[in-house]
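Read through the structures below before going on.
Across the two complexes that follow, chain A remains constant while its partner is chain B and subsequently chain C.
The block that comes next holds the complex of A and B.
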């Protein structure tokens, strides 16, 4: 990383450092996801060596599945963080959406797809309310979405109890349209003898779309600008309110998508589920290089962050370790990944 | 991305409207379920004085098992002319606070679970000191007399585990995977340890901990374990929803392991019917909730105490292919 400073040639006339050339390596390591990639490789090799079952393609496919269920949500959460906001309601919002679809189509005995679309409307509305309150009041999104987190948690339980007189949603697998919805949201296919869940494909696709939006579209520029400094962004004509509300609604959209997967994979939903996952999404985004202050990060980074979490989650089972250590190892590995991330970024920035 | 979020919502609503009007399902759903008669337990109505009974449990919100207990308690309350105040918190300090709330509001009786005697016993004793009769159930089988309970309804988890272990040994299980949906819960540990005791030298038991609040994590955790250890020929889950996920895990891990479980819910009963799950250990949670309220009512109105100072066992009973048909209609109503 420091090779550029060792060049023996006479120093060229001083140029403006803002337009100076960085070395290819420095540019690579200055990318938000560089630390996460390094961490992911280390963790992969670690479990590859100590846990023989981890080496099977089918085991890795299982790891990718659990990763994708986190990664689908980590993608919009990362965009939202780049835009300078948090969403603590993201974990329970997944369950809300799944419950909404299930209860609606069951209670009114409709085609399963009707419930799916009603749930989409609900999820987008939740995202809109989060964003609208944050934008209109200027209250930190941490607090607004914390309120939403508790409200949704209560609604999930109370409405399910009131409507069904039970705390889990009824089995909707006999409804018309269930089969086709299951094909869309929760099917799996076989590649070279390895069973792959379709969520893995969706996850990769959404990461690519999110990356394109961030790096190649005007909206991407707006997201970075809004997260970097909302007043400056507003001053140059960026529609700050719309961008932020749109980002919250993107989280809502993906909560719907993930919720539909959960519903059609498992047929019934327990109303207390999803709590705690909001932190997994945020951790994945932060490990992947998103700054808590906004304006910096990447969708690919969040994907790698989710992969790290998924690999540790599964690797400990494959290694056959005492599971009481699980959360400790998760925490230690994540903290390590963040430290590595920060260190590499500083070195890379210093080497310019 | 749409230009206006408001317009996006409008379009979404417009898309849904015609579908709602036109797209009813001819199969399944509530219409199909409403075919049968009423399955709720109803047995008259007492004309005794209106009492208030507080039921305080360590249930995690949204757990189907606890919902059955609550259904039992509500049925007894309706029959006994009792106002039931149900509350729960899995955190022992918060559960203790709920018990204190009940004492301070001078309820006529308290029904309480005790998963953590060290933390909860002192508070339960305060209820007794305040002259409030206490019935204990479900958790705390080792300490209920010292804590001041008049009677106890539940199953001894160690005995239930042992019974499950014996049945597994009889089914020729050599390596049982005991799946715990939460860490650090004594009653779950007691079940798994009991299983090992019941298996004796016939087989071994391994524990697997999964995050019970995330279905995908449960699925991938069990799949991973079944992939890692091909000698596992039996998966025993400690809650009905996890057994249903275990059936998916076994097929995606190409494992021939048979699925067994503790506790039941409506969907699990249908899985036993179809043969996907072999059997369930039933501790009759409905009975625990019902008896807890009813025994307090008997004490308040007639001075009765059940059990003669020893535990009244509500389980273990087994639900398998031979008796599942009899249980199914009650399960559908959320009572078994």
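The block that comes next holds the complex of A and C.
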């Protein structure tokens, strides 16, 4: 047995060496976020060259703000996707949460913070229901959350209409506690003459936290495992159901957080907004290297995916193009990312 | 051909005095109207290997699931160290030291080797994973099994089938399994890789583990086994100590026995091409019995060289 430690003796070690070379190469390309980083650099340079306003620090700050509003949600959506599930209700859930906070505190004339907490409970409950149904029934999360998506969409419109006779929630800026809540969720500060929105800080913080959880904590190990192979994870004692429900609730939590930002940024919420954003989150995660099939990806990748989204979104405006081109670009990016991911996965999974 | 003197070194058999580590008595399992298992007896003690042989559908997996705690038996008793037990989950079985290495459920292919190794039993410093320690332990355990991994960070899916089995086995051993249930560990492997796995079964036995080795290959079972339980259609068709049976008898019972007769009978009764297939099958099995012999010997050789090195006939 000792002789196997001396590498270049017999044929088996030689096979090992081949594996080593392959994995060294693969390691360079197979980092989940590698493709996204390359893409982000190319897109940054592209707009830097063709769109002069894009070069300003202030417009970059705006780009980062747009990025952060998507990136906040893309982070838990990426974790969920690594855990092997989808949440198509994530986009409207943001609006639901904001509407809930706004309508509750306005109708009952409470402190704005009361509405904020009620909305948190609602968002966590939505996440829990999504997760619980998926785990208990084994129905694909695509379908479960599609149902939730339509239900929430309908509720948003119908309840807002019933309660306010409007399509938007009333302005809550006169309520008690609005000022402090706005400070927490929607303030901004100045760095070197550039206005920076606080969501950028939250976004970066959450990406760091999520990355730490994924790579350095036991829960992170479990997230990869339940997404990579739930039966294997179950067989070694990982609480698969709890991990998955927890991930759905993390999406709910961030939907609440993002919803609160939107509410305290604009004081009022359009009941129809948020539809379609679920795809943006998923695209950011996929462009960032998350596999649709689960078990692979990173929070940093999703952040870079969101950044690509934000840069294209703003870059097209700064370049003075017809904004209709935007969706074309996003679609092309998604397709390219999927092709790259599939290639990487084949390499990573292929047995020697 | 058969080497009855090949019984394992006595010192390893430390379970001789007390009750067997695992004992099933008259165990049966029904799924509704389907009788999956009927009246099965099995025992295994520390430092012993009990082989469960049978073809597909013989009830091997049901038996594993009962021992592993996934299912409860419908009848009969299940004892661990002499006390009757009822496991409600694999976790409970695991807590009693009964670990199962499943054929294909053992690992998450995209995760690094070390993460797979410690999955579900991660080593932590406070809330943080102790990654350095886990990587080192994983590398050392694999080295102890004779597998020198260059990089424990590589996805386990890039390892060969035999190596993956060994990761799963060494993982169970590392986490203090007293009883190791191996579900067809050699089924998908070539002769050489099978030999490697058989070597680790012997090693596990030498370390004083009780091993339940499920296989359909008597050539893999015979060199490492102390007891052999033959299953067919949910029933025991034989339960032997090693001294009571030769490999050829075992092979005969497995391949040439009632099972095959029944199968060729069924095929023949279907007539036409099926009857031809029945004859071919019979010929195949006979041929297999001969041509598989060297494979079995390779297993024996690599298995025994580690301890005796001189049992090749």
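Criterion: the second predicted complex is superposed on the first by the 305 of 352 C-alpha atoms of A that agree within 3 Å, B and C clash if a C-alpha of one lies under 4 Å from a C-alpha of the other, contacts with A are read in each partner's own complex, and residues count from 1 in each chain.
Rule of thumb we're sticking to: a contact is a pair of C-beta atoms (placed from the backbone, for glycine too) under 8 Å apart; a residue touches a chain by one contact, two chains touch by 3 or more.
Bear in mind the structure is a predicted one, so any value in this text is a computation, not a measurement.
Counting the residues of chain A that each partner touches, chain B and chain C differ, and the larger count belongs to B.
In the superposed model, A:336 lies in contact with neither chain B nor chain C. Contact with chain C, but none with chain B, is seen for A:218 once the two complexes are overlaid on the shared chain. Shared-chain residue A:147: touches no atom of chain B or chain C.
Of the two partner chains placed around the shared chain by superposition, chain C is the only one that A:237 touches, whereas chain B remains out of contact.
On the chain A side of its complex with chain C, the touching residues are 1, 4-5, 7, 13, 16-17, 19-20, 22-23, 27, 216-218, 220-222, 224-225, 228-229, 231-233, 235-238, 295-296, 345, 348-352. Of all the residues in chain C, the ones that touch chain A in their complex are 90-91, 94, 100, 102, 105-111, 115, 118-122, 124, 127-129, 131, 143-144, 146-148, 150-151, 153-155, 157-161, 306. Here chain B touches chain A in the complex through residues 1, 3-6, 8-9, 12-13, 15-16, 19-20, 23-33, 60-64, 66-67, 71, 183, 207-209, 211, 213-217, 219-221, 223-225, 227-229, 241, 244-245, 248, 252-253, 265-267, 270, 334, going by the rule given at the top. Per the touch definition, chain A reaches chain B in the complex via residues 51, 53, 56, 58-59, 62-63, 65-66, 69, 105-114, 117-118, 120-121, 124-125, 128, 131-132, 153, 156-157, 160-161, 165-168, 170-178, 188, 195, 213, 219, 242, 245-246, 249-250, 262, 265-268, 270-277, 313-314, 317-318, 320, 323-324, 326.
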